[in-house]
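Order of writing sets the labels: A, B and C. Residues in every chain begin at 1.
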Amino acid sequence: MPLVRISLMQGREEGFGKQVGEVVYQAMTKTMNVPARDHFQVITEHDDAHLIYDPLYLEIPRTHGVVFIQITLNEGRTVEVKKAFYQVVAENLHRQLGVRLEDVFISLVEVKKENWSFGNGIAQYAQ
Amino acid sequence: MPLVRISLMQGREEGFGKQVGEVVYQAMTKTMNVPARDHFQVITEHDDAHLIYDPLYLEIPRTHGVVFIQITLNEGRTVEVKKAFYQVVAENLHRQLGVRLEDVFISLVEVKKENWSFGNGIAQYAQ
Amino acid sequence: MPLVRISLMQGREEGFGKQVGEVVYQAMTKTMNVPARDHFQVITEHDDAHLIYDPLYLEIPRTHGVVFIQITLNEGRTVEVKKAFYQVVAENLHRQLGVRLEDVFISLVEVKKENWSFGNGIAQYAQ
């Protein structure tokens, strides 16, 4: 169910965006009870005239390595679950791909379970 | 009001994405009471390192012909209306453009009616 | 906190999209109580087969100069605040960048305050 949009600066090594997406997917399955194989993402790369970030909002120093992760997912997860997700994403992006912890920007958009169709014109989660 | 984002694999015949959008628009007017001319879309094409789908989630076999359709629209439509929309989109994409039924992925994001301005700096739906 | 997505037609002068984003950011700080430096945007440019608008919905005449602005932000702003924001964005885009008032399309998506992480894997607004 989650639809993940990842936006990052262009010029990274080939496949980097997809690797970021894989880490996000693994973190969702680990912390947010997202089922295995529920993996749908759109990854885009931009130059610095088109990907805008503040280098110091909330006193967090950000660089061109910033990664925006916006996820549309079903409503109802607790604050604790969301916090666990943020932590695992940031730590694993850092550990596995060298992304700075400060450069991980995450936004969640919650929707109702009947707001999805995964194919065949059916609202699979509304059954 | 709906703002439609369509994401698909690059390399299709020219104009294919726009045709997909037209089918989505027609289905919205037919099933979701969207007014005529309420037609605003962003269509993007990606290579397979940037458009990620699972080829078998929920036992639905997907291919590179997958089409992601994410629609921001006003809240309040019933589950039955949403189901009718999914069915019409999938059937018409299949019938008119040869898209496989299994390749139609839809996500709805609902918002309040005062969350739109269609021009002139006015909240037309909040009047 | 707001994550702003701006979509416009390609072929404008270089830096135009970023200037649009700057106007949107200034309007958010002025009317919606968005903190200074809370400035995160993704700006994309499209040809007219990929950016679709109706040239007359709600009797508002739109042109290829249309600018779509979709903002994910915290819930809770009043209708009056949103109206003020729409007006300031449209007027300032017109005055500062020559965008036609009719060409300013805005969509807001509201989320809970715990739905953000601005870095370090922490839900800064949920504290």
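Here, contacts are C-beta pairs under 8 Å (C-beta built on N, C-alpha and C of every residue); 3 or more make two chains touch, one makes a residue touch a chain.
No experiment lies behind these values; they were computed from the predicted model shown.
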item: Interface numbering overlap (same over half, different under half) for chain B and chain C; value: different
item: Superposition rotation for chain A onto chain B, Cα-based, multiple of 5°; value: 120
item: Centroid distance [mean C-alpha coordinates] between chain C and chain B, Å; value: 21
item: Touching two or more other chains - residues of chain C; value: 44, 109
item: In the complex with chain B, residue positions of chain A that touch it; value: 3-4, 14-15, 17-18, 21, 35, 37-45, 72, 109, 111-112, 114-124, 126
item: Residue ranges of chain C in contact with chain B within the complex; value: 7, 44, 46, 49-54, 56-58, 60, 62, 68, 70, 79, 82-83, 86-91, 101-110
